[in-house]
Amino acid sequence: GTEEAGARLELSAALPDQVPSGATLRLGDPQIQAIVGVSGLDKELADAGITVEWANISGGPQSIQAFRADKLDCSAVADIPSLFAAWTGTSTKIVFQSVTVDPLDHPIYKLGVAPGVNVTSLADLRGKRIAYSAGQAQGALVLRVLQKAGLSQKDVQLVELTSTGDSYVTALGAKAVDVAPISAQYQKLFEAKYPGARTIGTGVRDDASTLYCLTSAVEDEKKAAALKVYVAVRTKAWLWANKHPAEYAKAYFQDTQGLSEADAKAVVEIQGDKGIPATWDNAVKRLQATADLLSTEQKHDKLDVTTLIDRRFEKVQADAAGSDVVTGDAA
Amino acid sequence: MATDAGRLTTTAEPAVRVRNLHRSFTKDGGVLNGLDLDIAPGEFVALIGRSGTGKSTLLRALAGLDRDVTGHGRIEVPDAVSVVFQDSRLLPWKRILDNVILGLRGADAAERGAKALAEVGLAGRERSWPYQLSGGEQQRASLARSLVREPRLLLADEPFGALDALTRIRMHALLRRLCETHRPAVLLVTHDVDEAIVLADRVILLDAGVVDTDVRVTLANRHRSDPGFAELRTLLLDRLGVTAA
Amino acid sequence: MTATLHTPPPAAVDDLTDTRVVRRRLGPGRRIRFAFWIGPALALAVWSIGSATGVIKPAILSAPWDVVVAFQDQWVHHDLLGNVLSSLERSVIGLALGVVTGAVLAVISGLSRLGESLIDGPIQIKRSVPTLAIIPLFIAWFGIGQEMKIITIALISLVPIYIHTHNGLRGIDGRYAELAETIGISRGEFVRHIVLPGALPGFLLGMRFAVTSSLLGLVVVEQYNAVAGIGHMITLAEQYGQTDVIVVGLVLYGVFGYCADSAVRLTARRVLAWRQTLEG
Amino acid sequence: MTATLHTPPPAAVDDLTDTRVVRRRLGPGRRIRFAFWIGPALALAVWSIGSATGVIKPAILSAPWDVVVAFQDQWVHHDLLGNVLSSLERSVIGLALGVVTGAVLAVISGLSRLGESLIDGPIQIKRSVPTLAIIPLFIAWFGIGQEMKIITIALISLVPIYIHTHNGLRGIDGRYAELAETIGISRGEFVRHIVLPGALPGFLLGMRFAVTSSLLGLVVVEQYNAVAGIGHMITLAEQYGQTDVIVVGLVLYGVFGYCADSAVRLTARRVLAWRQTLEG
Amino acid sequence: MATDAGRLTTTAEPAVRVRNLHRSFTKDGGVLNGLDLDIAPGEFVALIGRSGTGKSTLLRALAGLDRDVTGHGRIEVPDAVSVVFQDSRLLPWKRILDNVILGLRGADAAERGAKALAEVGLAGRERSWPYQLSGGEQQRASLARSLVREPRLLLADEPFGALDALTRIRMHALLRRLCETHRPAVLLVTHDVDEAIVLADRVILLDAGVVDTDVRVTLANRHRSDPGFAELRTLLLDRLGVTAA
């Protein structure tokens, strides 16, 4: 973006209601990009005078790289990247939180168990070789699963293995590890590919889903105003997707991700519905717990996660969702 | 080998027998056009002819190095052939001695190589690289490489072209001595008619792709002062086109 | 003294017998016809037989026939052609940039010790460093758009061109430089008539590596903010575990790489017709 | 006719003036001393100045001094030496395997058209396919232990050795093969005395690529089940976004790569002393 | 150029002036040991000497191609020098005509090149590759390349070594004709004493790194039949070490 930067806006100041002209957002948010396209929500952005430069970037490492180079304002990620961004000195703010309705029925990850290995519950993990990737969400998940199972790192054998593509599935199939967290969408494929392979649930919530932004973007008056609009639109987009799973499946998984119609539908089914929390209290608590766990297990500094979150957007989101918000434990 | 029946020589059987040899590089004209040639075992034949008439082409055919040249004909040569190429063709990555003894077997190879080098006047240059030799020195190293092998047929393509008069005389003597000892058949290309007469039992002149002249040298005294020498010389130069010599 | 003067015998009906001296050939001999197809045919055969007999499990490598189906599917439903074209565009532009820059740098550094000391070191260092790890730098400098991708590919393919051309140039026989000096030609003519043709075999070998590098570079750069391309397709397919789609991508790589490589080698054979080497 | 017979003049006290014919040198001229250090020194200077003036932001590339601190930290607290040694072990063993296999295959395929048609195609196809994408195959065949890593590195470094040796071999002047044929040496001797030395310049160029490839391959293989290694260290640091540690890794790569490359070039200069080329 | 004051020749100023020239490749002995030599503009000097005495070394020094050889001394040569190397040194990647006109400027370069090729008997071979020529043909192509440049100093290192008698006579005539037209200074290395006497104004013999003999050829009739010819020939051969010739 070569547009003029807006005036500086304190993080404590109220979010502007009016979007100044020339506001541009550089967003790595491909799912929403697809949804606003088919749902017609893109008109709302245009009407507000916001130019969006979409980037096909998501996930931790790529978004942090783009943030550092100041080529991106916000990106859609789970909870871990904003912690690592903080630990490595890139200041970001979470401006959007969503959860999965019924998170334990629609987990993002399951534990894949290699053929011939006897693991049916978390307690069986003791002594097993578990794929572990310290900097990735899968790594954090493993630590949380161990915590839940009452095991420490010493009780199992962590095998350093980066998760790229289907590398964990391959490693399980080759019996190089006994257990590895794999995407729920791989479950069928994994069990079909390797006779005797199974998956079990993790029993921990892994549904954190956020949009995090460069702090400098949130401090930019123009961008902050635009973000306020975008967060509302993003809320409506997820709610639209809940109601139109078939269209969502086609627009995103089929058309941009290259899945077949059946596979796309299946993935949407596995993902479950997105929930917009009425408040972020629970999400913040869970994030703090994760931060604490990682800082002890991986020897990072203690981190107060409230510094990573811009709660001014909490209400923007809840207002946009209206009566569709989820509350209580589900949030 | 094509056939080497001719190798266990009765004097009747020639060491080299060439019949109706054709070779051509282009469609419109052959270099060799039905050439016939016999060389007896132990015979020393000098081959002269104009530049570009096909002397090297014939030698390469006898050496079996022209697989990919079109043509036909029959060639019979002995098994152990050694070639002195027109370019001295020393392997640039081997020192002189190693070049000379390339492929020689036996514990005394190095010794024999050093002796051969000394004979061509290159004692002490065993460990030089080829590029460190002068033109004439390279030519002599290449000669040494061929002579050390004691072939049954020696094909030499202008082996003395880059040598001065004295060195040339020494090399003549060396070659003649070796021929007397091992009696190989020799086919030597030269541009020097005098050299041909001095060295050879027979001089043949190549022209238009066939043997144009074939003279046996039967001089008592192979010296310019011999009247037969001058006569033969004039004959050959005449056939070469040099009339007023 | 006996002198026999031959008159050429009357050109009789040619006896076409051709007995030559048969020497054991030490070089590789004549080229086999259709050799081009043997490699791929063999690879395909091993793959097919392996898949059919179950030695190669579909979990590890999809069978050729499944890949054909996946190929059709990608072609019809997922704009495979568009992916291929985007990728080719990136790699062709990047390659062109890289080749020109690499060759120019190689000539400068090959012909001047000063140029060499400035150019050579940085390139050697660049090539020792994993591309993946320097992409963050490029993102910072060139953004996350097409520019960054093309420049990365250009830099990837610059390296082999530079090194091979430089090496080829330095391998030119010093006697030809001597000749040029005595002939009194200008430096430009020297480059044109001696350096470039003399370094051409090296350059062409460099081309073989540059072409494959520019294709392989796609896998890396298309992970960043691409919406089309073979590398992008493979990355996606990896994410969703579509083994057969991955193999479609690999086969495309194989085909492109093999064809491009063969094209360079064929060109080399043409333009190096002056060489009398074991290649034959 | 006037004949003057010179007797050499009495060797006077030598007049040591040396006026030569000064011709414009068209080749690169004499080697500059310490040229080895210029490249790295330059790179370091640009990096330092860039960092000091703020042109290079620390978020993108840590400043040299920060890297020194990170280096110390890694050395003291994170067993950097152990990482380096594990990596070197892998790459040295893999490299050795790859070099030997590559050279043997190149000689076979270089000297026999049949061998070529069987060996060449598969290698060309292998090298067109991204290594990352075929690692799953290797994992399936060789597991995720040291074996898989070494074999992968061997295969990575085999490719440049094979191609360069093959190309070098085929570039040998055909006249030397002719010579060998007339001398009647065995095929083994032919390989030893003509093929290997003749292909040596090519082989050595291949070595330069093989060495860097074997180091770069570490980044890929050490993502899999490694507990030590520079590649492992970089992968981890990338995930955490520890720029300074990544740069420690890159500097190590740069240093190793540059030194290994220079070592090969120095060796080349020694063993190719018989060449009279522009290299001088 | 070292100094080219000597280029705007008054006849008194030599075209080539060499003083106290030393060159050595090894520590233990020099190849050139204090050589002095003057060549007048337009003068034709033949250089003879044993194989390996340093003839090519001297030529390379005059051509300025021995920067890296140890030694000292003073050399002055004209600006436009042309060299015929002992190896014919055709660029293998250029066709014959392109080799001949290499670096020539002007629209008529190709025409002049073709003419030069025709003069050395290679008409029709313009588009051949160097490897397609016979040894003598390569040598002639290389000669054509030098002659087409009309130099002020021609340095020729055994340019006729691979030629037969007739071709050689033709080349002699060609060279003499060109010398008469452009009057370059010529230094021609040859192993053929007769050739030296036939062609040159002066014959010098190199031995032990210095000029051993320096004879001016003042024959009325440069033919073997001239008694002066035989006398000179004997003198030179004698100095070369060939006594019984």
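In order of appearance the chains are A, B, C, D and E, and numbering begins at 1 in each one.
The criterion applied here is as follows: a contact is a pair of C-beta atoms (placed from the backbone, for glycine too) under 8 Å apart; a residue touches a chain by one contact, two chains touch by 3 or more.
From a predicted model like this one, the values you see are computed outputs, not experimental measurements.
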Any chain that touches subunit E and subunit A: C, D
Contact counts by the stated rule: is the higher one at A-C or B-D? A-C
Interface residue identity across copies subunit C, subunit D - same or different by half: same
Euclidean distance of C-alpha centroids - subunit A vs subunit B, Å: 85
Which integer distance in Å separates the CA centroid of subunit B from that of subunit C? 45
Cα centroid separation, subunit C vs subunit D, in Å, comes to 18
Residues within subunit A bordering two or more other chains: 68-69, 164, 166, 173
When you check subunit C against every other chain, which residues touch at least two of them? 23, 25, 30, 59-60, 136, 140, 175, 180-182, 194, 275-276
Going by residue number, subunit E touches two or more other chains at 63-65, 81, 87
Chain-chain contacts, ordered by label, are A-C, A-D, B-C, B-D, B-E, C-D, C-E, D-E
Note which residues of subunit A are touching subunit C in the complex, please. 28, 55-57, 62, 65-66, 68-72, 164-166, 169, 173, 185-186, 189-190, 193-194, 256-260, 263, 267
Considering only the defined contacts, which subunit D positions touch subunit A in the complex? 57, 59-60, 132, 135-136, 139-140, 143-145, 223-227, 232, 235-236, 238-243
What residues on subunit B touch subunit C, complex-wise? 1-3, 19-20, 22, 33-34, 36, 61-68, 71-77, 81, 208, 210-219, 228, 231-232, 235, 239
Can you tell me which positions in subunit E touch subunit C when the two form their complex? 63-65, 80-83, 85, 87, 89, 91-94, 102-103, 129-131, 149
Can you list the residues on subunit C that touch subunit D in the complex? 23-32, 35, 38-40, 42-43, 57, 59-61, 110-114, 116-118, 120-122, 124-125, 127-130, 132-134, 136-137, 140, 160, 163-164, 167, 169-175, 177, 180-182, 187, 190, 194, 201, 205, 208-209, 212, 215-216, 219, 234, 246, 249-250, 253-254, 256-258, 261-262, 275-280
